[in-house]
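First chain written, first letter: the chains are A, B and C, and each begins at residue 1.
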Amino acid sequence: MSTRAKELLVVGIVLLFCIIAYLGKVYGWVDTVVFSPMVSMIVVGIIILGLVFVLIRTLQGRLINRQVVFLFVGIAVIMPFFMSITQKIRTSPEVQQLYDAVAELPKGSKVLVSFDYDPPSAPELQPMAEAFLYYCLSNDLKVIIMGLWPQGAQQANLALEAIMKNEKLAAKGLEYGKDYVNLGYQAGNEFVIQRMGADFSSMFRTDYSGRHYEELELVKNVKNFSNIDYSFNLSAGYPGTQEWVQVAVDRYGLKMGCGNTAVQAPMMYTYLNAGQLVGLLGGMNGAAEFEQLVKYPGKGTKFMLSQSFAHMIVIAFIIIGNVAFFRSGRGKKL
Amino acid sequence: MEHVALWVAAFLTLGIISFLYKDNPWYKLCEAIFVGISAGYWFIVLFWDNIVGKFWVGVFPPKELNDVGELVNSVEPDYWLIVGAVLGVLMLMRLIPNIGWISRWPLAFIIGCTSGLYLINYFSSNMMRQVQGTIMPLLGMNYELSTYDIIGNIIIVIGTFTGLIYFYFSKEHKGWFGRAAKVGIWTIMITFGASFGYTVMSRMSLLIGRVDFLFGDWLGLIN
Amino acid sequence: MRREVPLLITGIVGVVFVLQYFIPHWPFSQVNTWFSDWFSIVGAFAIWLGALNLLKISALKVIGKKSDWGYAIVIIISFIIMVAIGFAEGKEFREQGTMFSWLYEYVYSPLSATMFALLAFFVASASYRAFRARNLDATLLLMAGFLIMLGRVPVGDSISFFLPENYQFSQVASWIMTWPQTAGQRAIMIGIALGLVSTSLRIILGIERAHLGGGD
């Protein structure tokens, strides 16, 4: 059989599996799959045996193909979705700091939340957004939402939609315009923040749905940052937390915490240490920790098992590579 | 429509993932779609948000009825915005070779704005505030800090100072200066290691998001 | 005209932004507002320039029948479809239920997210093939990465359960992030800020002219 034929065969089998699974979902033949603890352990055992095999091959001086490494990563990320292993998540000081800052706000305080990300960064930031909004609204804090990224305001609506399904929040009978408001997206990056320092309404003449700023009870008396008690910025890049710190925090004295993608989180520790930020959620781990604190277990918590497995695989490959490196003599090319 | 949407998204996701096997026509097709769609996306977003939303609506504000039933401008027109549009059109002159030089004017404006803004913002927040954050009483304002925090403060001071020494290339890294630079590079290596760990975390999170889509939203095999 | 005017524009605009920081009142506040609006408008035209350039390059590839020219057609078609739909749907193009938001949600987002997700695989492969503790510097980098990856997921504490609570991996990771990582990050941040500030000053004063290109 030629290589092309084999490739087509594999694609055909995968496609057939997907069609069957999809039809199963649509017509209700197939339910969600959950491994028993025993099967989960067997899967973990097989992964470990695979890694031992890779170690032996590497020690023999034969590096495995990168496709095999990819396969391990894929398995490590996919399999935990089917497992039912619970993990204890410990809270980091910066996450606790953010929680404390919000927890000590008196009822009715105004919290400004800026959604500066788009759907591709949602796996990390959407769980943070949901947990944060849930905590604020369930504790009678007033939430003012805005976005410096075109899709930010939509992400906020998705988060609001998700948390409103929660019984506790649904029972509160929250009112748009009074308890929370979405001012929508405004183009202009850090210039928007700068002009908000003088006057919010100059940047947001209407809210997301076109209602005039002055008609919204929650914000009609909000002139600038001096009327905001705390701010939370969800950021995936530029414009994001750095610009908020440079303009809103350092020029206008806004008290702010942030939730960042893990890639940019390390930089935020400098702002945290200098007191420019009060609290930080870094990546999916930060989201999971905050979900635990506010007792709103969402996707952050759910994804942490896959995250654990994925990290362990990368660590295992680093160890294997280095063991082989030292066994073969330092500096000798494998 | 939802079925089509899910299959399209899955087709494209798997197309990009197929690159892991090798470069192939499926991947190249998805890549080309990505390039075209993203260019079109930003073209439209900036047209409606900046050119229409800022310029057009600013110069020709929407009309609304006043108290006596007359149609009036909802806000005062801002004719100064026309200068911005003129600069924007000058930028497009770059496409015409003979008068392409005129696009330097709007470019100079953009560079001037960025320079002025960065000069102040970075000087204040990323330099002075960081220096201020580093030069702190090591034992606390009232000598109240724990040993853990005192050690941490010492690490911050030494790490930052030696890190800066490492970046100073006007003096040869020899003697005490070289030793300090060595400590600096160790600190920076730890920083890079931590950033690497966080980058792995971030990329894995995105992958987890895609897996959640494929096995959850699309195939319905997971909750 | 070709060099003096741009230099003058850069200088005046830059100085206004600096002055506005110290005197945030009229007239500087007003001029700053104009400049920020113009900046957004000019930025939009600049992206247009980029998009038109992409179309030009793709079209030339198709006309010249260069390698993979078929994919250049796909780029042009995708671009035209997105733009045509975006124009047709008006300024509500972003609302839920529009064709534009459909394309964004089911075409752009999956492609973009998966592109970045691919890096997860390559990071793992690079870790196996190239991430070696060859010397002290590399060892420090490797150990920091190793401890952060372990400490930032719950499995780290499960592995180090036998250690006192304050010495488990999550605490070690927190310690690294809070102190040595912050110190290094701060040195880099101050270094970058120094570079940016000096370059900005050179540009505003007209000493740095590279951005204006060659010629008269």
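Definition applied: a contact is a pair of C-beta atoms (placed from the backbone, for glycine too) under 8 Å apart; a residue touches a chain by one contact, two chains touch by 3 or more.
In this text, all values refer to a predicted model and were calculated from it rather than measured experimentally.
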Check your understanding: Where are there more C-beta contacts: A-C or B-C?
Key -> B-C
Exercise for review: Tell me, please, which chain's centre (mean of its C-alpha atoms) is farthest from the centre of subunit B?
Suggested key: A
Exercise for review: With chain centres taken as the means of their Cα atoms, state the distance from subunit A to subunit B in Å.
Suggested key: 17
Point to revise | For subunit A paired with subunit C, centre-to-centre distance based on mean C-alpha positions, whole Å | key: 18
Exercise for review: Could you put a whole-Å number on the gap between the CA centroids of subunit B and subunit C?
Suggested key: 4
Point to revise | subunit C, residues touching no fewer than two other chains | key: 21, 36-37, 39-40, 104-105, 109, 112-113, 116, 120-121, 123, 142, 145-146, 149, 152-153, 177-178, 181-182, 185-186, 189
Study note, to complete from the structure: Going by residue number, subunit B touches two or more other chains at 10, 20, 45-46, 49-50, 53-54, 117, 122, 124, 126, 130, 133, 156, 191, 194, 198-201, 204, 206-207, 209
Practice item. Pull out every residue in subunit A that's touching 2 or more other chains. Key: 70, 73, 77, 120, 123, 150, 187-188, 251, 266, 270, 273, 283, 285, 307, 310-311, 314
Review point. Quick one: in the complex, what on subunit C touches subunit A?
Key: 21, 24, 29, 32-33, 36-37, 39-40, 94, 96, 101, 104-105, 109, 112-113, 116, 120-121, 123-125, 127-134, 142, 145-146, 149-150, 152-155, 157-158, 170, 174, 177-178, 181-182, 185-186, 189
Point to revise | Residues of subunit B touching subunit A in the complex | key: 3, 7, 10, 20-21, 45-46, 49-50, 53-54, 75, 117, 121-122, 124-126, 129-130, 132-133, 156, 191, 194-195, 198-202, 204-209, 211-212, 215-216, 218-223
Check your understanding: If you look only at subunit C, which of its residues touch subunit B in the complex?
Key -> 2, 5-7, 9-18, 21, 34-52, 54, 68, 71-72, 74-83, 86-87, 91, 93, 100, 102-121, 123, 136-138, 140-149, 152-153, 173, 175-194, 196-197, 199-201, 203-204, 211-213, 215
Check your understanding: Which of the residues in subunit A come into contact with subunit B in the complex?
Key -> 18, 21-22, 24-26, 30, 32-34, 67, 70, 73, 77-78, 81-82, 120-124, 150, 185, 187-188, 190, 205, 243, 245-247, 249-251, 261-263, 265-266, 270, 273-276, 282-285, 299, 303, 306-307, 310-311, 314
Review point. Along subunit B, where are the residues that touch subunit C in the complex?
Key: 1, 5-6, 8-10, 12-13, 16-17, 19-20, 28-55, 58, 78, 80-81, 83-85, 87-89, 91-92, 94-95, 101, 104-120, 122-124, 126-127, 130-131, 133-134, 151-152, 155-164, 166-167, 184-194, 196-201, 203-204, 206-207, 209-210, 213
